[in-house]
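One chain, subunit A, links the two complexes that follow: it is found with subunit B in the first and with subunit C in the second.
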Partner chain A sequence: MYGINMAKGFLVTLKNFTKKPFTVQYPEERVKQHPRFRGEEFVWYEERCTGCASCAKYCPLGIIEIVTTPSETAPAQGDKYRLELFDISINRCMFCGLCVEACPYDALYMGSGFEQGQYSRKEMVIDIDHLRQADKHPSTFFRPQLEETGYDPRGGRPLHWQDVGREGWQWHQREKMGMRIDRPVPADLIPSDPPVDSSFVEDSPALSASKIEGDAE
Partner chain B sequence: MPIHTEPMTVNIGPQHPSTHGVFRLRVTFDGEEILEVEPIFGYLHRGTEKLAEERNYTQIVTLTDRLDYVSSMINNQAYCLAVEELLGVEVPQRAKYLRTLTAELQRVASHLMGIGFFLQDLGTLGTPLMYGFRSREKILDLFEMLCGARITLSYMRPGGVFFDAPDDFWPALDQFLEDFDIEFEELERLILENEIVMVRTRGVSVLPLDLAINASVSGPTLRASGSDWDWRKKAPYDAYDRMDFEVPTATGGDNYDRFWVRMQEIRQSIRIVRQCVEQIEPGATRAEVPLILRPKPGTESYGRVEASKGELAFYVVSDGGISPYRMKVRSPSLINLTVTEHLLVGWKLSDMIVTLGSLDINMGEVDR
Partner chain C sequence: MNCVLGSDNILNDTVLYRVIYEAVGNVLPCGLSYVVAGLAMMMILVNGVLVGAGLFSWVERRLIGRFHNRIGPNRWGPFGLLQPMADLVKLLTKEDLTPKSADRLLFAIVPVAMLAPVILTMAVVPFAKDTALANLNVGVLYILAVTSITSVAIFMAGWASDNRYAMFGASRGVAVLISYEVPVVMSLLGVVLLAGSMSLDDVVSAQNVPFLLVQPMAFFVFLAGISAELNRTPFDLAEAESELIAGFHTEYSGVKFALIQAAEFGAVLTSSAVIVTLFLSGWSGPFSEYFGWAWFLLKIGVLAFMFSWVRATLPRLRIDQLLAFAWKFLLPLSIINLFATALEVYFLRDDAGTLATSDLWVMAGINFGVAFACLIIFGTLIKEKVRPARLITGDTLSAVEAD
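Then we have the complex of A and B:
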């Protein structure tokens, strides 16, 4: 009989008419992300970072900018290099997570936010101070050690740098110890004249050029 | 005195909701009847092939996500197969199963969207589309659990997948399979044999088999014309050689058959997913490959898969560097689009949009 299948279809819609909607009314209610969610904003642990710039090299878009200087004050904190600049232009970021995958020291993590829109492009560049002060709610993307603990980035407590990482933090401390400038250096590796930092001061051509480039973004 | 009439040329698109992206059709009408069709594309060109020449082999995976953005997983798979052939890497068993499983889930999601938009073009005002989206949403949730993203997945890597599924993925997948049977049965009852759909699509825009083969049309569009060509059967990759499934075919080659074949393929895909869940065994999920890959100079490879739209292939040539010398994408949507003129000429304006919907093109893939 003509129309019998249409009647069947209308029965389906009638059945669904009485059901609760499947959609979520977004600003009032939110869907909880999964722990592996790749989102804003990046969680960075300065204590773990050695400034190797693996993340910057591995980023397909080249939006991570890292400048390190051989430092004279940093050895007091146990480092040979000091991070001058760690900029992530999040406005061009596509959240592929390759920087997190490339980080050998588990210093960089994805975040789990998705609603950090800004009114100006300048605010979309996350600089080192911002990364230092940000809440540490790392996503478990590419970090199985976080998954094993059952940690949930949404609603869990912020994680200290000693809580995260494939290797224990003691291992990492030892690793950083190896980078100390005051360890015995073979005589043939010591340069004849001490390294001069003058090429890295604020108004040096190298740094200001990169700054202009950053601003042009 | 006879009324003087003349043909009229109308531009559909480039920005039009029913052109599935930025696609322009310059159509000449005689009243309602189509006299001439000229498809114009290239509005979404992003230079993926050129961009690939300055990215390393792993970074290109993120570019492939953006080709056919409703079936990223299958794009990743095709690209990774090409690079693995280039490197001669053996993929671990578990990774093969995970790839097969996710690719089939993605095929379901893509077909649901294709069907939904096809029916919306037909004038169903979103009801079947929303039914499809309800199930697709759950698949995207599974993907989010798996790799942290919903659309631009980048889950696969040359040598396997980037990580094993989390523990709570498997119960969620079981739950999804359980729900999906009910939901899909509802969708079938709602629309598959609906008389209005039948009247509007049966016998409209017939694609004969010989033309389909000559135009190297592939995927559901070809199978609706009567061929059972499917790379999953003809040259099994990943874990498809261990899967038991059928290739649904139809003989009409009209709009309804293309729609029907997609509906049946969803059933088969779910069958494959179930078999993957049964057969998968613990093990490594990624071969031991370095982050920066350097294939031997002069090697080339052609990785092809049966994507949701047809045969998707990546041709990669290496010059020994960290990025390919050349990467060519054979995208099914572009090739399927070449028969547009044949399908449309002689039919009415109201069938034009429906036919375009039945081809299930994706402009991200056409323009690359």
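Then we have the complex of A and C:
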């Protein structure tokens, strides 16, 4: 019949009319964001950072600039370098997250924000003061320990440096107090004797141990 | 009570005018109070139409937003109600440009010529009992005459702009308006036949059964025709913002653009008012003695909702499809409707020439049958005309060249 498909079209728009609108009223409400979203505003925990500059070395664009000076106590005894400069020029950042993957101490995290628009390029360099004062809403990108706790970056609660590491925070505290740390080493990782055989055919420690015993006889 | 209108004066039927006239007549001389009362009515009419147009622009944007699964303007004022004010302020503060090579006089007249017919149409529409500004005995003719001024205004806009896109839009608009005027008039003749009068008051009082039920085909033809004359989707070829920048009002900006927009939105309201009066029994309904205006506004709201619905749903037609729809589909339908109505009136009316309510119900049944038959017949006829588009190959090209 003539016009039947037109009627179907009218029904489609009428169905839309009865639905809830799709619109998100942006400044008041936001789209629910994935916890692994790699956003602006890097989250940096100064207490965890040793100034090793791994992030700067791994950055493919070389936009992280770090200047450190050795501290008074010896770094070999657990103290860290003092940071003079930590600039991330975020205007060239491509948010690949390699700096976060490179950080050995879980001190650098991707942020969860997306509202750092500025009027000039100069304002888009995040310096060390900015990093210190910024809200700590780390993204869970490459940080499985945050995902396991069900943490949501847009949940509103900033995370303290003691909550974010892969290991217990007492470890860091004792290190900061200048104590030597006796790390508990698992027993099966301690070699009883250095391996004698240089062929590297047997890689099972039990087998190699029996072989060593046999050689001794 | 110094001044009293003569009973032969057509303004005597308008309650509001009479009240104002007699109140002012206590202070001023009669001749002057005649003018003052007229100016007061004009103020009410013009402001009513303009405020209504502003309100409808908000209503339509909200409605279309909901049809598109959006929210629509909601930032300024409660529910975004002040959005038309914001738009108006924005347009008033913009520069009012006139192209260098434009016909300055014509260019400046156009917004007024667009807006005037919209306001003039409301003059004869009764929006409650005895409230038409002028109860003309040729009301239907008056409406047809006044609304066709719009086509002249559109062509003036296109011509005066000295812009080829404006000219394209204007020539399209004139073609559409001329084509659709014919079926619109033909479909109105059925209503006039039933009412036995061209006065809109008589048309309303004749609708014991709403003419929507008695004349379903005429209603459909009139609705399609009027939305083509309003330049609204799916018939908005004169503007066609995706093809011709803005069609006939390409060169208009600032205040003039605001007036043209107000005219377009107001035209929807006045056309809805005309349709309500002619087909939906106007202001009559339960308690219409005192709440006629509420019924009138309610019915206008329903029609405006429908216009927005159509605009949100249907895509734009091509110009040849548009003209074919008018000449090949709507015109035959309106002729058949007129013929059937004339036969029914001839056989069913009594000696005094009036139709009883039961006769109207009989006619409603017959006309619905006719409408359904026409829909099926024309549907199959039109379907046979539609062929799949052929691929242009070397053979067809050479055949064309041979021709």
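In the analysis below, the second predicted complex is superposed on the first by the 132 of 217 C-alpha atoms of A that agree within 3 Å, B and C clash if a C-alpha of one lies under 4 Å from a C-alpha of the other, contacts with A are read in each partner's own complex, and residues count from 1 in each chain.
Note that a contact is a pair of C-beta atoms (placed from the backbone, for glycine too) under 8 Å apart; a residue touches a chain by one contact, two chains touch by 3 or more.
Since this is a predicted model, take the numbers as computed values, not measurements.
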item: Partner chain in contact with A:G9 - subunit B first, subunit C second, else both or neither; value: both
item: Residue contacts with subunit A in the superposition, subunit B compared against subunit C; value: B
item: Partner chain(s) touched by A:Y26 [first = subunit B, second = subunit C, both, neither]; value: neither
item: Partner chain in contact with A:F17 - subunit B first, subunit C second, else both or neither; value: second
item: First, second, both or neither for A:Y119, with subunit B first and subunit C second; value: neither
item: Touched partner set for A:A102, first subunit B, second subunit C, both or neither; value: first
item: Intersection of subunit A interface sets (partners subunit B, subunit C); value: 2-3, 6, 9, 12-13, 16, 22
item: Residues on subunit B engaged by subunit A in the complex (per definition of touch); value: 55, 58-59, 61-63, 127, 134, 137, 141, 144-149, 152, 154, 162-163, 166, 186, 189-191, 193-196, 291
item: Residues of subunit A defined as touching subunit C within the complex; value: 1-3, 6, 9-10, 12-14, 16-17, 19, 21-23, 25
item: List of subunit C residues in touch with subunit A within their complex; value: 63, 65-71, 309, 312-314, 375-376, 378-379, 382-383
item: Footprint of subunit B on subunit A - complex, ascending; value: 2-3, 5-6, 8-9, 11-13, 15-16, 22, 33-39, 58, 60, 94-98, 101-102, 110, 139, 141-142, 144, 147
